[in-house]
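Chain nomenclature is as follows: A, B, C and D, assigned in order of appearance, with residue numbering initiated at 1 for each chain independently.
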Amino acid sequence: MNTDVFAAYESNVRRYGRSFPTVFKKAVGATIWDEGGKPYIDFLVGSGSLNYGHNNPKIIQPAIEYLVEGNIILSLDMYTAAKRDFIEVFVDSILKPKGLSYRIQFPGPTGTNANEAALALARKYTGRSSVMAFTNSFHGMSLGSLAVSGAASTRQLGGVARHDVIRIPYDGYPNQDFDSAGYIDSILGDPGSGIEKPAAIILETIQAEGGMNTASAAWLTEIQRICRKHSVVLIVDDIQAGAGRTGEFFSFDFAKIDPDIVCLSKSLSGSGSPLSIVLIRPHLDVWNPGEHSGTFRGNNLAFVTAGAMCKLWSDSQFIASVERTKTKLQGHLDYLVAKFPECIEHKRGRGLMAGLKCRSQAVVGRVHDIAFENGLLIESSGPNRDVIKVLPPITISDDELDHGLAILDHALKEQANGH
Amino acid sequence: MNTDVFAAYESNVRRYGRSFPTVFKKAVGATIWDEGGKPYIDFLVGSGSLNYGHNNPKIIQPAIEYLVEGNIILSLDMYTAAKRDFIEVFVDSILKPKGLSYRIQFPGPTGTNANEAALALARKYTGRSSVMAFTNSFHGMSLGSLAVSGAASTRQLGGVARHDVIRIPYDGYPNQDFDSAGYIDSILGDPGSGIEKPAAIILETIQAEGGMNTASAAWLTEIQRICRKHSVVLIVDDIQAGAGRTGEFFSFDFAKIDPDIVCLSKSLSGSGSPLSIVLIRPHLDVWNPGEHSGTFRGNNLAFVTAGAMCKLWSDSQFIASVERTKTKLQGHLDYLVAKFPECIEHKRGRGLMAGLKCRSQAVVGRVHDIAFENGLLIESSGPNRDVIKVLPPITISDDELDHGLAILDHALKEQANGH
Amino acid sequence: MNTDVFAAYESNVRRYGRSFPTVFKKAVGATIWDEGGKPYIDFLVGSGSLNYGHNNPKIIQPAIEYLVEGNIILSLDMYTAAKRDFIEVFVDSILKPKGLSYRIQFPGPTGTNANEAALALARKYTGRSSVMAFTNSFHGMSLGSLAVSGAASTRQLGGVARHDVIRIPYDGYPNQDFDSAGYIDSILGDPGSGIEKPAAIILETIQAEGGMNTASAAWLTEIQRICRKHSVVLIVDDIQAGAGRTGEFFSFDFAKIDPDIVCLSKSLSGSGSPLSIVLIRPHLDVWNPGEHSGTFRGNNLAFVTAGAMCKLWSDSQFIASVERTKTKLQGHLDYLVAKFPECIEHKRGRGLMAGLKCRSQAVVGRVHDIAFENGLLIESSGPNRDVIKVLPPITISDDELDHGLAILDHALKEQANGH
Amino acid sequence: MNTDVFAAYESNVRRYGRSFPTVFKKAVGATIWDEGGKPYIDFLVGSGSLNYGHNNPKIIQPAIEYLVEGNIILSLDMYTAAKRDFIEVFVDSILKPKGLSYRIQFPGPTGTNANEAALALARKYTGRSSVMAFTNSFHGMSLGSLAVSGAASTRQLGGVARHDVIRIPYDGYPNQDFDSAGYIDSILGDPGSGIEKPAAIILETIQAEGGMNTASAAWLTEIQRICRKHSVVLIVDDIQAGAGRTGEFFSFDFAKIDPDIVCLSKSLSGSGSPLSIVLIRPHLDVWNPGEHSGTFRGNNLAFVTAGAMCKLWSDSQFIASVERTKTKLQGHLDYLVAKFPECIEHKRGRGLMAGLKCRSQAVVGRVHDIAFENGLLIESSGPNRDVIKVLPPITISDDELDHGLAILDHALKEQANGH
């Protein structure tokens, strides 16, 4: 398999191609094949962008038909039939059953575009410029999103100062003794705290890049209460944890909160096609027409596949199947934690968004490489890259899940044996 | 045609749906049909994102085949066969014939993602934080791109201060008597000028959103000379003007410059599917692996269609046809300028990226509305929105072009008659 | 007494003239007379700028002689005999007996000039741009000092964003259960904390404007240890608490620390003449010649009086007398706290830098006004202005102290009686 | 003369002590003596802080009497008799004869404190955050003042980004062909210029540190017109050029403008004692009581000497004498320009604020050293330090002026001779 072209012409910034040194070609469900025909189980799924598996036929077939019929592909924010259909099914299949009421903004189709729009809207609504963001957060690669991200290596990127961001401690940071919500409440209420009142608090319910740190329902409820008390907009960046990843559509469903703004992307299109939306509680929808824009905000092929994805959530069999898979995965991870205590510290995450906190970055690196050799794709996260992310498609078949977990088990054993 | 869903659930930020109050469905070449079957000639082409027409069969057919075969759709920056094919054809069909040597970065798939990556790289390479940007520029909607944009209404958006940006006068600003390049050279060389040495100068060769202001070849050459003299990175944001829009692939081909960094998006995929790249002169490619990322940087469907688009530029008949269309358009616009002096001040732009500077925003508004009624889509630009943008597909058929220009002629006449 | 001139021509910003509506003329020791000849005991002493009393003859007599002899008054940073004499006595009487080794910078003569110089030097030395500052801090009125101050009303002043400042919790903030030093240590050591490594931590050992909050010796020692561990410069802003205010020359003498940079001003000249210095541990003295300047950094009259002040600290009788006064003041304040529990919550501060935390701003306002009527000047502090500052000259006579405390006792009683 | 103490204990930042390696002691009028008794003519006068000479008896005698009588020295902004007297004489002797109406703010006593207060007030009044400042400007050493200064070496100082400052070209920058006022008018009026509307334009009428660049009356008048047209506050930093330096009290008297805010310091006290004021057109005096403060804003000794200085301007003989001295100085400098063309390019400045633009920094350095040896103190300015500043006391005697100019003539000759 020829990779010379990449070495010669692709920027040094390329990364996954280096850790998975092969050339991929086909993919169905949880399996992906390289040019040589070797299959891999995918527990990485495009960093959470393929929750419904590769080329899910219920999602891709409508897209093929749409193209064959010569329908409009790119439409800016003109009205199209495909967009109207998506809005209807999103409202009917996702929002209404949960009793949620939001207006939908279509920004540029990437997660960072959505977060930038959300932050801009919160700043406009409140007339305040600073925002609060958490330790170990990650929100994207454009300047506004970089600014609110927690990792030093990420924030350095823009090369300019990160302004208007106030860093606050996440649930359990720096340790479980510390009442982070109480601290946030204190500094918001004290005129001498030296902290400007922010436009918004932005958070992930599970900090995927930050090491799979998980907020409790009680903490999320308390943060929403504090935001409302101090008239601060609560933004949930549900780009990686949402769109089904935890086993429910929104990652905050379990906490029964209704954030002021919710950002979705990654798995939203169901197909891997770029799409993002910003959900806005109606009283906050103070945009002027055209005030925020983006060329690819009208990606109609993605509307078609996203609509097909949403319909899955009206199917009780689908939901029951996801639930079963979740239970199975959690059970097996508990087993691995018990089996490899010298390698794994503890389990992290929630539902199908799981992580294994390991003893060191070196351990994780070896497990990653052995797994790849044996046909499993995984990735690491956390400031010290010592957490294995386990993100199978939520539609994964029992066979694929068993096979993937077996390879992981094997890799953990081999690395322990000093392989 | 039912638009209630948009009014009920889409954010107030929607704009084109308001100015074109219908629901679009199918589209081929330069023609787009609404649900009721009414056709419109498209001189807007997704703000320059559909230079090769809607659903161009040479571009879309390979995409349909790719999907039908179950190939991989989203791949982060793993190596894939589709990406390798795109890189090869881009190098062979576009770069090599022009004698250009660049390495290719795939950031998130929108234009603003590309500009943010370019600015971050220039800052990293030089170790400097500020950048120079021009009056009336537009570079995108995320915070780093907003900061370098010229329009007050755009920059206000983020609600935070726009830092590290030094504003400099574009070619011909504030008037033709002023030697803007000489001024820039002066302030870069004077330790008392009060201007920090910037990491980069970022420019568009034609300021589309800024009113179709056009830089001359001499001025572009001089700016590149000044950048090299003072060791400042030259970034050309070729997102709207590039990928064929002016009639050549890069909008700066006519000036025979080789900018340090070039950003492409919009029409790059040929199909309207989101894609962007950053071209980097090899010595500037100082990224560390994984230092910049983005979920949708591996949009393989767009690689397939972008490759098909690139191949067109190896076809001399295609190039000759574009040349003919360019000449025809320019000739007809000259005719309109002469025919409607009370309405049009002068022509702007270059090649197939043309504009008509009108006497007022009101004139443009009326022409827009009459044209829409009669089956033509156009849009306005400029700080006072008094410029009509004329952006037909560069592959438009003679019949479609004639028909579109006839509707425009009619609309200009009607508005002059106080319609 | 005519105050019309002030109303007609002085800016609305004037404040003390409004709360003490009379015109002052003469002053000796702890007593100040208005034009009508009415005496007032001064427990405000220029917000800590007249620790050695008004017109202390040991300090003022040398100044008069200096002027009469026609010696140089303003000298920029040229070498003068007066400056040399000051440096010698400062080193011999203050630094050497404490075993401290510092180099001396003379910035502009105000406290904020000193803090700005200290922050600039720490940034230069470390190459980092941000600094850590505490809740409820106050460091001055120029932009760099405003930025690090904690009170919202102060920070708003510049009207621009306060950049490069990271706010951290002071000793005992938000409550005694919280290990603020431990939290600071955590976020400095964690690459995912979202906090840039700062150039410096700047602190007051007693937050005078912030409400007379007092740091313990243990906490100060721990903060110095954390700074050294993480290579962060420790700046003590000893402008109000230093130069003798607590009863020792430096406010941090009791904690036996040796901060990297110390800023002194206010009472440093002994006379009320503007003077400030920055003390720099020798390895940190990385200034280039002339890199920091200020017209009035050579205020020779202040050098003369500052030298006379320093000599007092070589006099054991002087030191014993200050010690006695300190004990007496503290004892009497304890008595007042016990006597007026419905008005006073508790005592704050340390040594001769004392405060009474009252139940409300209204209580303090009434005590202030009754005290003024009866011949005592005091002021309030804290974010809610509910703390009475008690700052007599440290050289106050027993009679004056008794008289001042009697007026305060009377005012507390009167206000309790609803006067 | 022993300078060991300075080498051992004063920070490396010291500068004038290095270029004038002696120890000064006494000073009267334009003459200053070192410890060894050697006299020097002073054409540097504390960078414009001793316009009325050293120890001017009309100014110092009242100060000595004030001290001897035991009057109050430091009073914050309480009302004092000395402050009232100063306000009265400033209004009667300075403002009223010129028909000017201002309210007076007393900030901290240094020039940079005054500029910071002026910028803060303009930001508060307009609600805007950015300010415009000129190429080659200098406004002080605290962060807000640094930000608006033009020299790269100065701005680097704070080590943090210089925000909210828009740099604009001064009169004659980059060359006389360029209509800098017209350019400023253009960018303020154009919504696409990319320039935020600023709170203020801050300027010096002669840029002393910037190289003695001089604005014309026509340009100053035009800038004031542009400011009023666009509702931008005009701040004149008259710290070095004002208080008599040019031969009139305000440096802008000759242009007959009335700026919105004027900052004075340096020679304002007449004696070299630190004092500064901010003059505010009454409608702009929107400060709240106590909103801006500063410990040493009540420097009563400086009020006494400043009042004595102001009275001089009611004396027609004094004014005539200054006028004569001005004519004499200008005539002699013209003579030197003509005599040493290989060394001097041209004369700069205005009135008694004069400069000689030389061929190189090396020339100026040698002239400086030879002059010092022969008993004359001068200094250089400009981004390339190739301008000799000639700032004699405006009260200099004919003998002293002749003597100083003779030494300068000699030094120019010697350096030309390769001395």
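Here is the rule we use: a contact is a pair of C-beta atoms (placed from the backbone, for glycine too) under 8 Å apart; a residue touches a chain by one contact, two chains touch by 3 or more.
Here is each chain with its UniProt name: A, B, C, D = Diaminobutyrate--2-oxoglutarate transaminase.
This is a predicted model, so every value here is computed, not measured.
Q: Per the definition at the top, count C-beta pairs in contact and tell me whether A-C or A-B has more.
A: So, comparing the two chain pairs, more contacts are at A-B.
Q: From chain C, which chain is the farthest off, judged by mean CA positions?
A: Between chain C and every other chain, the largest centroid distance is to B.
Q: In whole angstrom, how far does the Cα centroid of chain B sit from the Cα centroid of chain C?
A: 59
Q: Calculate how many whole Å lie between the centre of chain A and the centre of chain C, each centre taken as the average of the chain's C-alpha atoms.
A: For chain A versus chain C, the centre distance works out to 51 Å.
Q: Round to the nearest whole Å and give the separation of the Cα centres of chain A and chain B.
A: Chain A and chain B have C-alpha centres separated by 30 Å.
Q: Find every residue in chain C that makes contact with two or more other chains and list them.
A: In chain C, the residues touching two or more other chains are 129, 153, 160-161, 163-164.
Q: In the complex, go through chain A and note every residue touching chain B.
A: Those in contact with chain B are residues 2-3, 5-6, 9-18, 20-28, 32, 35, 46-47, 49-50, 54-55, 60, 63-64, 67-81, 83-84, 87-88, 91, 103-113, 116-117, 119-120, 123-124, 127-130, 141-145, 147, 153, 157-161, 163-164, 199, 265-266, 271-274, 278, 280, 285-296, 298-299, 301.
Q: How about chain D: which of its residues touch chain B in the complex?
A: Interface residues on chain D, with respect to chain B: 129, 133-137, 149-153, 155, 161-167, 169, 174, 178, 182-183, 186-187, 190-196, 210-211, 382-384.
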